[in-house]
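Both complexes shown next keep chain A, but they swap its partner, so chain B is in the first and chain C is in the second.
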Partner chain A sequence: MKLKKGNITPILFMLPTILFLGLFIYIPLIQNFYNSFFEFSVFSQSKEFVGLSKIKELFVDEVAIIALNNNVKYAIISVLLQVFFALVLAAILEDKFFRRFAPALRVIYFMPVMISISVIALLFGFVYNPQIGLLNSFLELLGIEQLAKPWLGNSTTAIYSVIAMSQWQSIGLITMLFIVSIQKIPKELYEAAEIDGAGKIRRFFSVTVPQVKEATFVNLLVTVTGSILVFNEPYILTNGGPGNSSMTLAVHMYQTGFIKDDMGYASTLASLIFLLSAVFALIQIKVSKTGKED
Partner chain B sequence: MKKLLCFLVIILVSSMFLAACSSSNESNGKASDGDQVVIDFFHRWPNEPRKSFYDEKIAEFEKLHPNVKINVDAVLNDSYKEKIRVLVSNDDLPDVFTSWSDTFAENLVSSGRIMELNDIMAEDTEWSGNIIESQYAGFTFDDVTYGIPFTVDGKAFFYNKQIFEENNIAVPGSYGELINALDQLKEAGYETPLVEGLTNGWAISHYMGTIFDRVINYDVLLKDYNIETGEFTDPGYIRGLETFKELTTYMGDVSTAIDHETARNMFAAGEVPVLYMQFAEVKYVQDAGNVEFGFFNFPAVEDGEGRPKSLTGAPEGWMLSNNAPPEAVEFLKFLTSEETAKAFTKADGQLNAIKGGVSEETSNPESLEAYQIILDASDATPWFDNAVDVSIADIFMRGGQELATGQTTPEEIMAKVQEAAAKLRNQ
Partner chain C sequence: MIKTNLKKSTFPSTIPTNKMKLPVQTRITKNIVLLGLLSFAVIILYPLFWMFISSFKSYQEIYSNVWALPTEWKFENYSLAWSKGISSYFFNSVYVTASTIVLTVIIGSMAAFVLSRYKNRWIDAALLFTIGGLMMNPQVALIPLFEILTITNLLDTHWALILTYVAYRLPLTIILIRAFFLTVPKELSESALMDGCTEFGIYWRIYLPISLPIVITSVILTAYFAWNEFLFATVFINSSELKTIPSGLMVFRDALRTDWGVLLSGMVIATVPMIVLLIFLQKYLVRGLAEGSVKG
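Let's look at the complex of A and B:
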């Protein structure tokens, strides 16, 4: 679109959006970067300029390293389960053989997506309960009670228990996105492949996977940035504990700001989270050389 | 002309939106000119019986004052601490809200958004004088009182009398005897003779505060708990953490995965013979189960340099925000009146700081015994997480969890604490 001189109508139409984006996204973002150069408290109105010291603090903060590590684990497991497994699941659900059950199965897989995360966290608090929890009771039922653990109270299992709950909740959404994308693949492609003698697995890799490239890209982006931002799940289930073993960057940021009352450093952590997610998004856009639906 | 009109309309609409956004903060400064007055009330008891108690009191107050409408919000302990901080940072404080004493109150006061109560108290001495004077201390800073104490509390080991009798175990008089008793209980088949919900940081901090008060000289504690002079170099802290670690060995695996409420229910069900609890919980235990229990203070630690008999506990009370309407003051007086206090103790079992609030008529023998322990306590130790800066408390609380799961050592924890203390001193 080329703007004719004096034609300001398009700009006027965009103005409210630009205004609101600026007001609620970009100005706070810049303000946050600015805040990370100050020492200030929730309770006080005065700010003290401390230069780069909050950023230096980031490099010696053991908790941030644990948190970053946990976010990386979160991302890797989420990509494996939510993107790759969800794609397989979607392909199975769209398979001729499963078509009859597909609507029911879709509802079942999608159900957790609609439940609020707080409710799910409470539910899983019960599942993981060391005494009366479903998980330990189930293990006992199978006769392998030696595997029973206080899942959320053990520093090695806590983060994985939290991640597992997220997967359970989110896989339905990603699966649905893949299903929509698979449904758009022209039938002729599958027919041609079948005539050429391709089996189900071959058809999946040679037709489905390349055809859902755009959806895969979007899902990867959603999952990875989601893993960097993850807050609710660890916050409600474990509050980052025991110790700091299930800490994530966002929980660490929240606690630094609102519990330890160090708003400057919390802003620094917020900037780190923003930079990480932006960098990951850019890398993914670059690698997949796309970013728009054609 | 058309374009200009279009432009003006958009500007007008945008500015209306902006105006709507910016005015949302002003809902606090309500006028009280006979019109409807709205009071925001925030407390930390979404659970029964106290939730119903406050709901009833609100209804009662609204009936007495037809022009007042009270908006109530309630969340539990840890969430409350977080939410109130968020609210104070946004200058969005409720008109009337609960507060712990000591550093918690002091932090809130430092925001400059809490109402000073000296004049209000001086104007109505009949009301303010009916509160046990010693309890004001935790809410008074530089001679200005910012909070009205309401509940009083103390922490002690609750023990199951029947189990102790069956196994011929005497009430421990010293820390060594406590460990002996726990060993005996273990032999008697109680896998976890002691339990605690270690997912709650505050529960850990209560243990630490008491243990430090037993093993470390009081003057050293006073110096260390002050952010300007705190160093935390006394070897007593290591000993204290070792003591805590020793106690967690009697709590088994579950402790780090459950909360205090679950632990309390285990005690009330007779599954666990000993639990470190607040007197405020007497009624909960009585309601949840049918065990006969007694209590004993955290016993003296052999050759500990601290105060062997002090009682951990501090009052909680009410605060007002700076821009609360006059009706909120009325509501505060209503909440802390003798009549409310009596009904409160009757309904809830919690002890309070209002003279005449706790009596045989309103309370049960266990609570009266507890009340006497509080009034007689040689000294009071504030809750540890309110006594020290929150960044120090956080290291101890998370460290306590890690000690229980064997992920860290007392020395590592103290190194972190000393680092944090040095940072605070230099601020």
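Let's look at the complex of A and C:
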């Protein structure tokens, strides 16, 4: 419909959205880049212009390198488990033989997705607890207690323990998304492949995988973006420690700003996080647009 | 089809022999796979089951025997958790979540109406503006939002959460609802216009009622987000009595130290509403996840 002159309804209807997005999304974004050039504190209104020095700081910040490294580990493990494993899991759940069990299993796998991350993280505090932890006592039960560790207190295992918890929580979500897109595949394709003598594994690779290519790509991008932004899990479980061993960029940003009170440098870190995640978000918007749209 | 027929006739013998051999072998692989699926289900369920069971135990019992069922079911853990703070976190969460839902759905559907019904340069720009909002993330906006909320004196009020939650839920909500609005037949609104219906009337009496399923989907996705959001809830709210459940649980943990049974009861209380929501409305939730292809 053409917009008629004098019809102010559209403007009135759009106005709240424009205000909300402008005030709380776009202005903060610009403000954040602007802040990267200043030295300032949470408690004072005054900002001191320091030019590029906060950005230079980024290149010699060892904690940022550890954090970036952990974000990359997060991304790699999440892609392997959440995208590839979840796709296989979804295909198995959609298989005829497992139809009977699939509905119950689907709900079980999906359950942690609905639970608040603070509950999950507190719960895994108990799972990883060195004295009473479920994980250590399970290893003891199996008779391999020499593998028991203070999982979160050990600088080599801390980040992997955090990542493992994230996988535990999120696999169900990606599996569900794959199930939805597998259900959209025309049945004839499978029937034809079966008549051609293709076994289950063959059918998975020559029918399922190509048919859910777009969903796979979107899930991949969502997972990578999520790994760049990850904050809650390491913040609640380890607060980046021990040392800085389980630091991620977002936790580093939070600590720099609100604990060390260096808001300028925290803004620089936030800008870095934005630039990294924006690349993947842009690709995602492009990809999901080609799929449907009017 | 021709290809398949050919194969069938060229190798008629391979199919029967396959059928003779496969069953035993496949039954074994199938059972192995099933075992794998079930063990994975146990890995997911056991910690949740443990949380529930242990929420009835005393500290000594959790400490001395992690695996056992409680010898004495301490239901008072729940009343203690409720009276020691969870009730106020719970009602704060209900208030913030409900307000976020109402504002997000009303503002979002109004924008979606405009973005689906009209076409010109400005509308295209507005659509781009909305979609662009998807790229921004709470983590990145944390410090500037903290400044804005300080200046406007909204810090440490529920509005700090409601307003920012609405802003971050709007882009996805608008895109979801707009996609549905685009499928509403033009004839409906044209005949309504003839009958003297206003633009607002078309939105309120035709578009909104027709789109109830997608509105429910948006409500659930927003509820899930607002109920569980942690970062803003931690940074923007300082007073313990204003905290929502996710950030309140952290205060709770620090205050209780060794009252693990009570802490676990609080965690169960925080979880139940979302599980109930999942059970009743899973159809809409799955649909929303699939169509929105998930954001935050």
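Just so it is clear, the second predicted complex is superposed on the first by the 260 of 294 C-alpha atoms of A that agree within 3 Å, B and C clash if a C-alpha of one lies under 4 Å from a C-alpha of the other, contacts with A are read in each partner's own complex, and residues count from 1 in each chain.
Everything below uses one rule, namely that contacts are C-beta pairs under 8 Å (C-beta built on N, C-alpha and C of every residue); 3 or more make two chains touch, one makes a residue touch a chain.
Everything numeric here is computed off the predicted structure, so don't read it as measured data.
Chemist: Could you say whether A:F84 touches chain B, chain C, both of them, or neither, answering first, second, both or neither?
Modeler: Touch partners of A:F84: none, neither chain B nor chain C.
Chemist: Should A:D262 be classified as contacting the first partner (chain B), the second (chain C), both, or neither?
Modeler: Once the two structures are laid over each other on A, A:D262 reaches chain B alone.
Chemist: Taking the superposition on A as described, I'd like to know which of chain B and chain C A:V42 touches: first, second, both or neither.
Modeler: Both partners, chain B and chain C.
Chemist: For A:Y160, using the defined touch cut-off, is the partner it touches chain B, chain C, both, or neither? Pick first, second, both or neither.
Modeler: A:Y160 contacts neither chain B nor chain C.
Chemist: So, does A:Y190 touch the first partner chain B, the second partner chain C, both, or neither?
Modeler: A:Y190 contacts neither chain B nor chain C.
Chemist: On the A-aligned overlay, A:I115 touches which partner chain: chain B = first, chain C = second, or both, or neither?
Modeler: In the superposition, A:I115 touches chain C alone.
Chemist: Considering only touches as defined above, state whether A:F204 meets chain B (first), chain C (second), both or neither.
Modeler: It touches nothing on chain B or chain C.
Chemist: Tell me which partner A:L152 touches in the superposition: chain B (first), chain C (second), both or neither.
Modeler: So A:L152 only meets chain B here.
Chemist: Applying the touch criterion given at the start, work out whether A:L21 contacts chain B, chain C, both or neither, answering first, second, both or neither.
Modeler: Touch status of A:L21: second partner only.
Chemist: According to the contact criterion defined above, which of chain B and chain C contacts more residues of chain A?
Modeler: C
Chemist: Starting from the residues of chain A touching chain B, keep only those that also touch chain C in the other complex, and list them.
Modeler: Touching chain B and chain C on chain A: residues 9, 16, 20, 23, 42, 131, 258, 263.
Chemist: Quick check: in the complex, which residue numbers of chain A touch chain B?
Modeler: Within the complex, chain A contacts chain B at residues 8-9, 12, 15-16, 19-20, 23, 39, 41-45, 128-131, 149-155, 238-245, 255, 258-263.
Chemist: Can you tell me which positions in chain C touch chain A when the two form their complex?
Modeler: 1, 3-4, 7-8, 14-15, 30, 33-34, 37, 40-41, 43-48, 50-51, 54, 62-63, 66-67, 107-108, 110-111, 113-115, 117-120, 122-123, 126, 129-137, 139-148, 163-164, 166-168, 170-171, 174, 179, 182, 198-200, 203, 224, 227-228, 230-231, 235, 245-247, 249-250, 253, 260, 263, 267, 270-271, 274-275, 277-278, 282, 286, 289-290, 293-295
Chemist: Can you list the residues on chain A that touch chain C in the complex?
Modeler: So the residues of chain A touching chain C come out as 1-3, 7, 9-10, 13-14, 16-18, 20-21, 23-29, 31-32, 35, 42, 89, 92-93, 97-98, 101, 105, 107-112, 114-119, 122-124, 126-127, 131-134, 137, 168, 172-173, 176-177, 180-181, 192, 195-197, 215, 218-219, 222, 229, 231-232, 236, 250, 253-254, 257-258, 263, 266-267, 270-271, 273-274, 277-278, 281-282, 285, 288, 292, 294.
Chemist: Any idea which chain B residues touch chain A in the complex?
Modeler: It is residues 3, 6-7, 10, 13-14, 17-18, 78, 81-82, 85-86, 88-89, 107-108, 110-112, 198-199, 201, 253-258, 390-391, 394, 398-399, 401-402, 404-405, 407-408, 427 of chain B that touch chain A.
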